[in-house]
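Shared between the two complexes below is chain A, which pairs with chain B and chain C, respectively.
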Partner chain A sequence: MPYPLLADSITFELEAQEPWPQLITLYQPYEVEQILLPDNANCLAVQAFLKMCGLDFQIEPRSNAEYMSPSGRVVPFIKCGQFLVSDFDSIVTFIGNKGTSLSDHLSANCKADMRAYMSLVNNIFINAELYICWVDETTLNEVTKIRHGSVYPWPLNHYLNWQKRKEVIKKLNVLGWYNKTIEEVCKEVQNCCTALSERLEGSDYFSGEKTPNELDALVFGHIFTIITTPLPGNKLANIVQSYPLLVHLCKRIETSIFSLQAIGVK
Partner chain B sequence: MGTVHAKESNMSRNINESSNNEKENFKENNPSSHFHEKMNLLERKKGQAVDLHLKARVDRIHVDGLIRTKDDIIKAQVTELFKAQDFYDIIIHAYKVREKLQGLGCFGNIGIYIDTSHGPHATPEGVEVTFMVNEMRRLTGGISTMVGNNEGSVIVQAKAPNLFGRGERLQMEYSYGSKSSTNISISIVKPFMGSSRHKILTGSVFNTSNRFPWSGFSQCDKGLLIDLAFNPDGTGILKHNLQYEATYREIISSKHMSFRVREQCGPNLKSALRHICSIDKRDSLIFPTTGSLVQFSTEVAGLGGDIGFVKNELTVQTNWTPHEYATFQMGFQSGLLRGISNDMKINIADQFFLGGPLNLRGFDMRGCGPRIDGNSLGGNAYWALALHLYTPLPFRPGRHSFGDLFKLHGFINGGNVSNFTLKFANDYKENMKIFKEDVRCAVGGGIAMKFGNIARVELNLVMPLLFVRNDVLQQFQFGIGLQYL
Partner chain C sequence: MDMFELTIWKGDWGLPSVDTECLQVLVYAKFNGIPLKVNAVGNPFNSNLPTLKYNNYTFTKVKDIIEVFRENNYNTEQDLSRKECAKIMAYDVMLKEKLFPALQFVWWIDEKNVNELIRPWYCKAMPFPFNFYYPGKFERQAHVIFETLYPVEDDISIIENKVYSEAQKCLTLLSTSLGESLYFFNEKPTLLDAVIYSYLAPLLKAPLPNPALQNHLKACTNLVTFVARISEKYFSNECHEYKTKQNARNVKQYTHNEFPNKRRTQLVAGFIATLMMATYAFSNGILEVSAKDNEISDIPAEDAFTNNE
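Entry: the complex of A and B
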């Protein structure tokens, strides 16, 4: 009996008709001490998306945000009234159900393109970030272990680092990324950047219009995090820096939505 | 259990030899009927009454069947037998020694054999006592079932007794419960028998997982427990347990849980010292008729780890039987939990909960106290009091056998659990609040059954008298478990 699923979708639908009942709260790990590259990129993407939608939200840092997440180890997640939604895509869908969407006006073709690029970004960037953080020995020992374990007491930090690493490796193994060399990973990122850069050619945003949408938010989250996060070697940052179009997109979005002077987008 | 073997011919010879005047002496000095009763019991096997209060001295003790077990621990167990003054004493002491030997956990069946002593060093009223022991095999195992608190489980266990010949054992246990709780533990036990104070040191590692649907979370624990028990098998004397526990606990969210509980999800590390002292003078664990139990435990968490609190708990039970058909029982439990610093958290798993068919009857499991969105949050202080009146089944079917497993009981129980802050200043009223405000109370009656002398099953009809709007009430309750209020 598909009751639970049905009930879920019905409540989602019903909820959608109501105006914003309460403030949106975004839960994420501590930005300064704890958060890692992939999580930070996702959190920033969600923040950018919410800002683009012109929605007010509150950031609530929690050391156990990962474990509080309703869908198992995915940060960030938002709390809106009784609803908890995690993962960038689900959040976009949820906000869309509420009647706020950045891509509703696009043609079906454009939407399909956008989805394709989003899945490209999700596949390449996230896996590359996970690889850098958990597989690359220098980054693992100098940054990841220290940051990931920072909120736990000894000896729990070592255990949890080991546990998390095991999980990530298992995931990367399934996706065929674990056996890649760092050069191959860089190559993948490079290809992805080239594709994105080509798509962006000559326009302000990926849609080719004057306003950004979720793809821009997602790309912004990743590119901005990769550029601004100091890591030993800085391999990813160096690659991304060589695509001026992407860097400019980042700067544009940053100034338009994250600075105080910005005129509300949309 | 072993048996007392007595060689008839020798026994009677012994008695004939030295008894005539002894017997008379004894009858004058010590005409206690109680002794005679016991003697008759002991002698029933022989079919004839023999007066055993004749002077005797233990010349020698033999222990037959030792292979791996080291002599020193056996010596420590049997030496008290040499203190026996007369033959009756010898038998009583021999029983005690057999219990002690059994307590070592190294032997299967133990037989006692008493004979007059022979040889050049034999004294006139000397006897030799022989214990015939059967050492356990190197590895034993089994599958059994157990009832925990409202849950039945299957246990698979393996044991390697008497590893190094001094009662050390390694045991492994895996249990799987009907509510999908699992528990794996490996422990190593080392008894210290030599000194007058009997101590047992146990170190164990465990991995358990439990679901608490009433609070909306599941909990997964991996940990280490070191326990030092003083007088562990002494009945009626003060027992102490000193424990150190280090546990990695993970609180796992379920789909529908209140956000207040969700906030506490994730891993945490508890490192705690615990002291439990108890004195149990009851005559039975499940249906005691007389005697009391007092247990006090103190737990201090926060020696490392990120969980910090001080927890005190008190359990009292006292029984009174004014008539064969009526036993009154009063049970009281209370606890107090305090944080020790702002850096150290107190998790929901540490809180006190109240309610359940063997706890505060009339309420669902964790059915009273602070709750939000249907999830019980628990409190940092609680008390619960229960008064029972037990009677045997009417018309006593199956008397002295099956029927004695059942009792009817009527009860009234009450309690409260809440979050309260202890005020040390003269704020008596504020501190007594927990005994005055929102007190829960229920009366009821039902049938109770004992299960293998460790667990208890209850079927009750309860009427809640005092409750709060949030509480989850149950009028018909079935409970099964080891601990009860």
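Entry: the complex of A and C
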């Protein structure tokens, strides 16, 4: 079965041909009025990853970033030379193909574990965030609809909200999350936080070394966003706050790479 | 003490069950040596599979079932550190993300597999009215999964590439993670091994007509031996049964050729055909055989023919 791997190696070749480093532009929705919890977490994770790599980038807020994305409603995406890359994992692979990697020195076993934990974070946190934003009635009416529709004129905003909600529900349904109750969702997040916290036990970063890698960036993106985004009920934030190891990891990353902002840990 | 009664999808190809979730529960139970009454059925009607009946309670979710086992002190994870338990959770989610779609694709989307193996198998496994409904339903469900996971992609071959490439990467990760050890946490099997076995075994054992992903798995030799080890240790009956059945089939094929005495049949057929044609020729007078007139009558006729020209 050489086919998919062949495709992979072709993209690798193509991407490697471009000169490097190049200016990276990161497109994302407006942070203050528009962006929602899951998108914000992803954007922050990508920003943190790029900063950890020591790459310069420029943030370009666009109200229609979702529709500009090359893989269909996935934000953020980066523009680098001729390439448009969306999604955290693909961006990490893309930067890796350019020769900049945070995890190349790890052993194969460590890398495998790291991939598994990234899957864990990507699935549990993102689905829980989508659930809170689009299924939980209070958050949907008080926050999500207003923010998501804020950039569109009157009749269009209702239609687009409805359309987006339908899409999210379809996805959650397939993944088996739509039928969960809010308590079950919170339980999942709690389990995930416990697992991450156990994994982190006793070391500064997930790799157990002195430098952060992509898993740290991803966890940082989600934990930081959950803590700092005010939502009615604050259910997720309360759960995450009860894991001091994760909050400290967040603070550590925040002070080391984003020096100006302050984390709102109560 | 009350008996555990587990209802699962029935198996084939040397597997105790063809369904991933059923396998997970069953393998975990076997690891713990839980006394089980197993009902292997081919009919998902009125119950989700797997189903565990215990103390008049019914459990249908894998998580709940394993929780019940643990409450009864059947637990392979009690010796593990908390870090290792966290690892189990992470791998569980990763396999669900990467291998589950691939298995669905191999099972219900790949046309060759569906038409030649999967649909006929399910049609045969299920009782009469259901076998018209359920295979189609499973197929539609799989299509919905891929429509939702890849909303902008219309071309099925692009989706196939993406899904297979993710799955192959995941298999390679598992292979490196296992290394040379017997199980994923060294000597003793745990829930993690049950989960991994449940995804790998169906992919490895089904005689798929389109073995693209299967071949990649077969190339990871340590995973293949891992699956074989668990199969032989815990499901030796099913393995043995399938092997003897297949041997019997092979022997049958060898002796019961489709056309025994091929040469004789050919000769007889050839003889009959010649006979028929000859009879036709004689009856229509195209050929005449007369011992006496033969020489005399033939020559003038030929002469007349050439003269005319």
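The working rule: the second predicted complex is superposed on the first by the 242 of 266 C-alpha atoms of A that agree within 3 Å, B and C clash if a C-alpha of one lies under 4 Å from a C-alpha of the other, contacts with A are read in each partner's own complex, and residues count from 1 in each chain.
In this section, contacts are C-beta pairs under 8 Å (C-beta built on N, C-alpha and C of every residue); 3 or more make two chains touch, one makes a residue touch a chain.
This structure is a prediction, so every number in the text was calculated from the model and none was measured.
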Combined model on chain A: chain C and chain B, fit or clash: fit
Partner chain(s) touched by A:108 [first = chain B, second = chain C, both, neither]: second
Touched partner set for A:153, first chain B, second chain C, both or neither: first
Partner chain(s) touched by A:252 [first = chain B, second = chain C, both, neither]: neither
Inter-centroid angle chain B-chain A-chain C after superposition on A [Cα, multiple of 10°]: 80
Which of chain B and chain C A:67 touches, first, second, both or neither: first
Partner chain in contact with A:117 - chain B first, chain C second, else both or neither: second
Dominant toucher of chain A (residue count), chain B or chain C: C
First (chain B), second (chain C), both or neither touched by A:180: neither
First (chain B), second (chain C), both or neither touched by A:170: second
Distance of closest approach, chain C and chain B, by C-alpha atoms in Å: 10
Chain A to chain C touching residues, read off their complex: 1, 3-5, 7-8, 71-73, 108-109, 111-113, 115-117, 119-120, 122-124, 167, 170-171, 173-174, 191-192, 194-196, 198-199, 201
Touching residues on chain C, where the partner in the complex is chain A: 82-83, 85-87, 89-91, 93-94, 96-98, 144-145, 148-149, 151-152, 161-162, 164-165, 168, 173-174, 176-177, 179, 212-213, 215-216
Chain A - residues contacting chain B, complex: 62-64, 66-68, 70, 79, 84, 152-154, 156, 159-160
Residue ranges of chain B touching chain A (in the complex, touch as defined): 248, 250-253, 255, 259, 262-263, 265-269, 304-306
